[in-house]
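By written order: A, B and C. Residues from 1 in each chain.
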């Protein structure tokens, strides 16, 4: 039996490695189950994977869940500023009642999580460091995700929407003064050639994005018991690997920026609280307004220690 | 573009059904052109906001993309009516008139079938988005059934024009592939594919020629 | 079934369907639907409209209708004729000045319009009769314009480069810049051949040149300068960092429409509608092919054909230049029959991984691919530019046009060879302006 897994990442990306690991482990288990991976968006475009997944036309995907935030507003909590502080906190998030609620919503779309995982990101500025909201005043910036756009706009920045692949050019040509994206994107698009200062995810980071390996639930339920067991075992192993690699990526990106002669800034507890206060007024508020049971979900997420 | 873009719009031969469909397709063409012009205007407005006012641009990118998608889908019937979709007619040209007509009936029927599939599942997809209240995952958060509506509308109108083309062919109002009976591979060059405009009637063409000769520039 | 065998089946079915006279986009949908039903189950049909919509859901694609409006509004004016006349008046002392001004005008017009047939028609309408009147051989007159017109898809802006950029996710700005040097190199090759063959025709003394006064030379400038300013403005905006290609194209379209209305007094609703109708027809046609080709490449990928072909070629271990030669032959043959946009969309997803594995630069390859497509535009059986020329100059037989164009095909082959030996011709300018490739 064959399952099809689609994702948008290159084959050197950690998210591909996670998918490949599950595929390899399942193949090694010898339960007549093959996972065929379609990397780099070669089957579906990045943002067009959730719908076929939920309708059973695609079996598996590795996806930032917030991409489907237009269909399920609750998913916007998986890319919300200041909700997750660091990777260990993220790992506790995965085991929390909050995640249980989210998985319940996914089940309504016939979607099941196999591997949980968060990746972090930071800020970069072409002229000065971005650590606190005041730094954003009057800047043209690109933000990764709707909630971040709302918060940065609240800090007085102007938002230019673009793909992370366009940041390099936009900075080079002066369209952008600052950008916010994931650690791996900062490195793979060589943003260090264009910026003066980089604020990586460290002890305090704002930007965490939940990017699980998902599977269609009906497809999973239709597998036999050995196949399901093999998939679950492979997923557990992959999840541990994902967490370790996610931690390494932030440090690695900081090192690469440092080596390129870019100033490295750190966000402290005080900065973090300022951002969170701003987020309360902007992104959290907008989230609660547009989401059924939004306040309850937000409180659940904030209650994770 | 390579390939063949033939000259004249599909004739209607005074048949009321064909004329009605032609009129609908023409209105769709106007709508399509208007949407592209709107996209040009909105894009320029976005650049103004970003560079002159240094402000945020929240909805423009998404809006122009949806406008161009809608312009494409809604423009399909009109371009079909103008015979503007390129094709490679080597085989039809090599066939005698009767076989050519058979070929045209076959290709049109297949086209109708596949556009029918696109219409059916396009409608289903639109309905799905409408039913579940999907929005785009941006700050603007447009309700997706609005842009998705271009799928059933565009393919529906396109299907109508294709059916009209099939009817015109069966009633001998139109020639198979718009080719004259006596045209063969070597003589095709006698046709003038580009310089003549696809005007609805000769009077239009005369008026347009007049307009063109009026534009002499500052001398 | 083995994906490679399946791939062969798809290729045969595609050729069969496309040659039946059905429009290219619908043909691609028919083949995709057929193979999806048989090999992927009928349920995969559900996905077709979603993928169709998704392929069009891209801001970069916006530049296509915009550049087409820009080209159509310029083409609806006397700008082409003015451009050619201006060059002629200024180059009158240069030997063979007329053919040089015609090819120069083609290159400049190509730089504004992005369309090959439009370039051909705009310059050829004045240029061909004038060249014949002054004693140039029919073949040279017709061939130089047919070939000069093909520069429209190499010199930026270029619709085919945009399509390539979107299909392969390469920077459109970089692609545009890559076409500049090869475009002007090709123009010079065309000029060299035209001059040589005119001289060889033995009627050199019959070539008459008109003399122009300085007054006449300056008088024409106000009519061509505005468009040249727009070209420079568009280039500055795109590479000076003001805006993306799509945004630049929108501003260019607006300005060209305004100039056509103000300077060329194109303000009657009917003539404006002619511009909009022509651009709607062309953009809808191209965008329909793009979306349908998206469904087609989904089918290829879903049946694992794309991946298997790339892997198979990777294992062949042929010399990379043998591989490049084979790719060129394939592109040439495809270009003989199919419009460039369709060739690029169908071939790029399969060819690009192969090309990159063999160590070729995708930007450089875009230029090679485009020149192959240019050859298709002036070669039978469906070389569109040939038919445009035939329409402009009906008394030159298609055979003469064809024979006159063949040497220019040879020039293009020479250009491909030069690019193979000196890849820098394509990559130097983009690297200089935009920094080394990411």
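As a working rule, a residue touches a chain if its C-beta (ideal position, glycine included) is under 8 Å from a C-beta of that chain, and two chains touch if they have at least 3 such contacts.
Source: prediction; values computed, not measured.
A.B. asks: If you apply the touch rule, which chains end up adjacent to both chain A and chain C?
C.D. replies: Common contact partners of chain A and chain C, which must touch each of the two, are B.
A.B. asks: Could you pull out the chain whose C-alpha mean position is farthest off from that of chain C?
C.D. replies: The chain farthest from chain C, judged by C-alpha centres, is A.
A.B. asks: Compute per-chain Cα centres, compare each with the mean of all protein Cα atoms, and return the closest chain.
C.D. replies: Taking the mean of all protein C-alpha atoms as reference, the closest chain is C.
A.B. asks: Determine which two chains are connected by the greatest number of contacting C-beta pairs.
C.D. replies: Here the largest contact count links B-C.
A.B. asks: Which integer distance in Å separates the CA centroid of chain A from that of chain B?
C.D. replies: Using C-alpha averages as centres, the distance is 40 Å.
A.B. asks: Which integer distance in Å separates the CA centroid of chain B from that of chain C?
C.D. replies: 22
A.B. asks: Which residues of chain B are in contact with two or more other chains?
C.D. replies: Those would be 61.
A.B. asks: Could you check chain C for residues that touch two or more other chains and list them?
C.D. replies: 46-47, 50, 57, 242-243
A.B. asks: Which parts of chain A, given as residue numbers and ranges, touch two or more other chains?
C.D. replies: 175
A.B. asks: Flag every residue of chain C that touches chain B in the complex, lowest number first.
C.D. replies: Of all residues in chain C, those touching chain B are 18-27, 29-30, 33, 45-50, 52-53, 56-59, 61-62, 65-66, 69, 76-78, 82, 115-117, 121, 222-223, 242-243, 246-247, 250-251, 253-254, 263-266, 268, 270-271, 273-274, 276-289, 291, 335, 337-342, 373, 376-377, 381-384, 386-388, 390-392, 394, 398.
A.B. asks: Would you mind writing out the residues of chain B in touch with chain A in their complex?
C.D. replies: That would be residues 50, 54-58, 61, 132, 134-139, 141, 144 of chain B.
A.B. asks: Once bound in the complex, which stretches of chain C touch chain A?
C.D. replies: By the definition above, chain C touches chain A via 43-44, 46-47, 50-51, 54, 57, 169, 171, 173, 239-244, 298, 301-302, 304, 306-307, 349, 434-435, 438.
A.B. asks: Under the touch definition given earlier, write down the residues of chain B that touch chain C in their complex.
C.D. replies: 1-5, 29, 32-33, 36-37, 39-41, 43-44, 46-47, 51, 61, 64-65, 68-69, 71-72, 75-76, 78-80, 82, 84-92, 103-104, 106-107, 110-111, 113-115, 117-118, 121-122, 124-125, 148, 150-151, 155, 177, 185, 189, 191-198, 207-208, 211-212, 214-218
A.B. asks: Where on chain A does chain C make contact in their complex?
C.D. replies: 4, 36, 38, 42-45, 48, 51-52, 55, 57, 165-166, 168-169, 172-175, 189-190, 193
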